[in-house]
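Per-chain numbering from 1; labels A, B, C, D, E and F assigned in written order.
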Amino acid sequence: MIKRALSRGNDELRQIELIPNYYPYAPGSCFVKFGKTHVICAATIEERVPLFLKNTKTGWINSEYGMLPCSCQDRTERESVKGKQSGRSVEIQRLIGRALRSIVDLSLLGERQIKVDCDVIQADGGTRTASITGAFVAVYLACQKLLKHGKILENPIVDHLVAISCGILRNTPLLDLDYSEDSNAEVDSNFVMSSDRIIEIQSCGERRPFSEEEFMQLLKYAQKAKCELIEKQKLALGIQ
Amino acid sequence: MIKRALSRGNDELRQIELIPNYYPYAPGSCFVKFGKTHVICAATIEERVPLFLKNTKTGWINSEYGMLPCSCQDRTERESVKGKQSGRSVEIQRLIGRALRSIVDLSLLGERQIKVDCDVIQADGGTRTASITGAFVAVYLACQKLLKHGKILENPIVDHLVAISCGILRNTPLLDLDYSEDSNAEVDSNFVMSSDRIIEIQSCGERRPFSEEEFMQLLKYAQKAKCELIEKQKLALGIQ
Amino acid sequence: MIKRALSRGNDELRQIELIPNYYPYAPGSCFVKFGKTHVICAATIEERVPLFLKNTKTGWINSEYGMLPCSCQDRTERESVKGKQSGRSVEIQRLIGRALRSIVDLSLLGERQIKVDCDVIQADGGTRTASITGAFVAVYLACQKLLKHGKILENPIVDHLVAISCGILRNTPLLDLDYSEDSNAEVDSNFVMSSDRIIEIQSCGERRPFSEEEFMQLLKYAQKAKCELIEKQKLALGIQ
Amino acid sequence: MIKRALSRGNDELRQIELIPNYYPYAPGSCFVKFGKTHVICAATIEERVPLFLKNTKTGWINSEYGMLPCSCQDRTERESVKGKQSGRSVEIQRLIGRALRSIVDLSLLGERQIKVDCDVIQADGGTRTASITGAFVAVYLACQKLLKHGKILENPIVDHLVAISCGILRNTPLLDLDYSEDSNAEVDSNFVMSSDRIIEIQSCGERRPFSEEEFMQLLKYAQKAKCELIEKQKLALGIQ
Amino acid sequence: MIKRALSRGNDELRQIELIPNYYPYAPGSCFVKFGKTHVICAATIEERVPLFLKNTKTGWINSEYGMLPCSCQDRTERESVKGKQSGRSVEIQRLIGRALRSIVDLSLLGERQIKVDCDVIQADGGTRTASITGAFVAVYLACQKLLKHGKILENPIVDHLVAISCGILRNTPLLDLDYSEDSNAEVDSNFVMSSDRIIEIQSCGERRPFSEEEFMQLLKYAQKAKCELIEKQKLALGIQ
Amino acid sequence: MIKRALSRGNDELRQIELIPNYYPYAPGSCFVKFGKTHVICAATIEERVPLFLKNTKTGWINSEYGMLPCSCQDRTERESVKGKQSGRSVEIQRLIGRALRSIVDLSLLGERQIKVDCDVIQADGGTRTASITGAFVAVYLACQKLLKHGKILENPIVDHLVAISCGILRNTPLLDLDYSEDSNAEVDSNFVMSSDRIIEIQSCGERRPFSEEEFMQLLKYAQKAKCELIEKQKLALGIQ
């Protein structure tokens, strides 16, 4: 049996906080906390799109992800000093961008781009899923601002977007792993979800292959967490 | 209903070829074809390990992935000229390395590293899954050479490793998508599998979220393909 | 006459906060606020020194500086994505490192290095001087930890270290400029100071040359602020 | 006396193969084999020219050269991972581009550019000369396609283009050196030639200076090989 | 007491030479010598401005600084081989650019840019201040050429610009330190000055903090040197 | 008929100057002038060799080449700012290194490396051949210093080394082309020579192929120039 910090149940989330409008200037921002994992998500709007969308009246959303060098237990090298982003950072920011685009009607956004910076201030496992959950709030707020200023006429956001990590540790399925759990888990899965369907699954047998049954159990935990996270988003955004 | 090239069935693989020992020098190599997707996989052995494994008597396997600039329908920029690998390349080579490590007992490998180069000569969808399927053959052959030369005493390979892509195109689940299918699919999934379990799932709703039922259908197709791919590997390796 | 935000006097500091031990893991850290300028300073210890100090029994202190892309009014490009630090960042981190080294007896530190990461979460003018003032606290705490663990026997910190910006706006000397003031100032000066002397002066006539008299007035303001900042540091560190 | 592999005579070429139209999509391509040296040459057309040719109604041809990491006896580091092309690669691709431009009337090409990718799949000496010989075929085919589609009205190719390496090994002049010969040769020469004249000579005394007489002998061998290579090109292209 | 090379007095400059029009092509150039510190300053004119000045009818001046690898006592690594400029180079070229802009009326320059290359041929301390003093001559000459060709109607240069280093060595204030002095100095100050005011101060207690009195002494030395340097510039430019 | 600047004959060199010991510190240096082409060559000694020579008791010589941005008629971009050396620079420095190694007995050099920096101060054609001719003098002087300090016991230099460019302009063979000739020449050849043989030939039909007869004429001119250049080297080095 697994004893989790703060006597948390196996299918229980850590304490989640979504603080909207963290920044005075960025059109949308959110400080998101999953326990001791803290991420600032900030959405900015650029009135231009990538080349391949020019003259298509369609918008774009992408993301950049970074960690402060001291956000982890051991200092990681600063990516700007190394001269490039790590493969892990690139992978994560591509995931965040894909996830956001899947719940936004880009044609309603007009020929502009929303860029979401997700910067990890403190890392204790699940930074990518916290980033996605917070990025949704930042993008939602940015779209509200576009609406308010008459730049767009209809809300381009068509669904909620949350993400959560699950894993198998000593053969026990767990929800929302912290760093000490995650770094020892046999299986590590990330689920990105809309209100009623799945947007992306990344499930990896880090230390051993896994069976279909095990996978289904993780998915079940994720489905449960999804509802709670959507409630938190609604609360933060003042929508019901 | 979907009409596939060469009257292929929805759950049918393209023509698979695994040509072992493609290279005269590399200790293990395999030219793998999934239809018109052609990849050269070559495994080389280095008698040193990454820093974090020094003095642990444990080995390592990693991979590098690249595409020839003219392997695609439209020429892609040469990564060495751009000065860095694309995010996509980095993502894929990390996946290949992870997959290979999951079916090798690294402690039996000794303090050495196997590096697998997967170079796409021609691309028609599914290059990452073809790479993994071919990389297994290359690594297997390299380990045979280590055994033959007395460098290791026991085969460190503990299971088969294959990978296959599935997807949903116009609401129809399909196995082993070619480029024309893949670039229009709503959902794109990659399954990495050992003989009886799952090693990694990457499933992404590129154009729309997907339901649990849809996902299970894709997984079923992958399970079916797995058996055929393992047969092909056995044939290529001359094992039963 | 200049009307400053919050009816601040010309020689008055913004609200200063120094929150010690912001991070759970880093041996020393400080969240520093000069009004709406917020910086996280974190000191980590590496048990090795740069090549030129090897076998000298002497330690080293250096710094890395970065800004979150959304910390400013307008998003700045992420340095890790551009592939290098800006000239401005390099300049600032060299300044911070130099300043810290000047108040530490490096021979008492032993052959180890303290690295101070200064990451600007929110920028409203004076990020380099806030960084230095906060970095002192972080380094002080890290040295306390070294003492406590018996790694060093004597406190290597020989003096206080604070920094403050002054400037001339519409011919009026001002202390501690915020961004709206700084970006319009004719003259911009940064003073780095120990308890009774000067460590570094950077004074630049951004829009016009300045006279010796004007410079002396700025220096006088800085001297006054120095005392207040040292008091804040003492308070944060619990020393008198 | 030198004993060459496969009892080859000193002035004899290895087995040469030129497989035209290797790629389904690229407008011109050729898989070229000089014995165990295998190169894929692919010509693509871009409807724009480098800046310095803008509005001159003149076209351009250039080349990029690369080797698969496992193409050599010992694995070479992947250039995209190192972050730049080696000096050798840059040197070779500049040579290939220059050679091609010298036998094409660029004004007949119109304001477009032909880029020729030469990718070495397997290397056994003479990759640059095999690349040039194959690149000619790829460019010829690309120009045929331009003619066929009415993009140009006259064939811009004004002459044949072949290249061959010669060298002096243990004081014996040799034609078309393989890797084991090349890496031990005292003198190494590359000749780029049109049907009746010389386009470029690179002759280098790698291990000792050489005399005018020795050089003339190498040139004589190259002249002889030229005729055979042009015959191979005619055959591959179906021209007489 | 300090014994300086060539029996130089503490407040005495080294032998200064300003050789105008060193280059045949560059519109303005100056070979400047401060003793054994030799710098070539060359000003070139580009008929375009940085993006942020487009359509503002305002010009720009910036600078690039470099050292030949063998200009110092010990060879320094070539920055183009390392792949980037050092932090020190970036810092210095930013300083030179700022200094030049402060004595030029950029609106009189029109929408064009003057770029000043300062390349250190031989370094013996004070390369940045020699660069600024020489760069003024190069820019002055370039502006004369613009006037002569009718590109501008009024001389945009509004004041002289010189720079000088001072320092404290063994508690003795010194003017214009050579390398052997500079590398041992406790305090190192650089003063950039117009004919009657200060443009920039960089004063750094490299080995110990310094007092206000010490600083004022250095400033006094700099004021004295300023007059001599301006005389040298007038002589070189043939103006009185 | 060709009218050359300063009524120079077709087979006549420009005014050649070789100023030895240009630098006070570098163990060997030479300022070389071929007319208005000026290059500083400086040889420094490092007491270590590249990895592949470790423990072989054999030395190495290599070279780095650069041009000051303003050395040409039109400013060229600074390579350190671009972040890499141009292909041309890399090609030239490889040539210089190869040439130097061919006339030095590396086993007599011991396990140390001579690095020769060739920096073009002013460029008017023939910078690579001037560099080689001057680099020989720098290396010779550096070896003298090694002998004098007892680091080596025998002079490792076994022959002279000079280089010269020839070309065909308007069908006329010319020796030692200046920039205005070179940039219009049909054929451009560089000859690197020892006292009685050839070390390297680079001959390129820039605008048209060339015949064997034309090539032999260029070689004849180069042979003639060789003698004069060796005389200049002897004079500069004070040897006969």
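A few notes on this one:
Rule of thumb we're sticking to: a contact is a pair of C-beta atoms (placed from the backbone, for glycine too) under 8 Å apart; a residue touches a chain by one contact, two chains touch by 3 or more.
Quantities reported herein were computed from a predicted structural model and do not represent experimental measurements.
Chains that count as touching both chain B and chain E, per the definition above, do not exist in this structure.
Steps from chain B to chain D, taking the shortest chain of touch contacts, total 1. For chain B, the chain with the farthest CA centroid is E. Farthest from chain D, judged by the mean position of CA atoms in each chain, is C.
Residues touching across the chain D-chain F interface largely coincide between the two copies, over half of the numbers being common to both.
Rounded to a whole number, the gap between the C-alpha centres of chain B and chain C is 51 angstrom.
For this pair, chain A with chain C, the centres built from the Cα atoms lie 33 Å apart. Inter-chain spacing, taken between the CA centroids of chain A and chain F, is 59 Å. Looking at chain C, one finds that residues 84 touch two or more other chains.
Because contacts link each chain to exactly two others and close back on themselves, their graph is best described as a ring. Ring order of the chains (start at chain C, first neighbour chain E): C, E, F, D, B, A. Per the touch definition, chain C reaches chain E in the complex via residues 84, 87, 90-91, 94, 98, 102, 159, 189, 193-194, 196-212, 215, 219. Within the complex formed with chain C, the residues of chain A that make contact are 23-26, 29, 36, 40, 42, 44, 64, 66, 68-70, 72-75, 78-85, 89, 115, 117, 119, 121-122.
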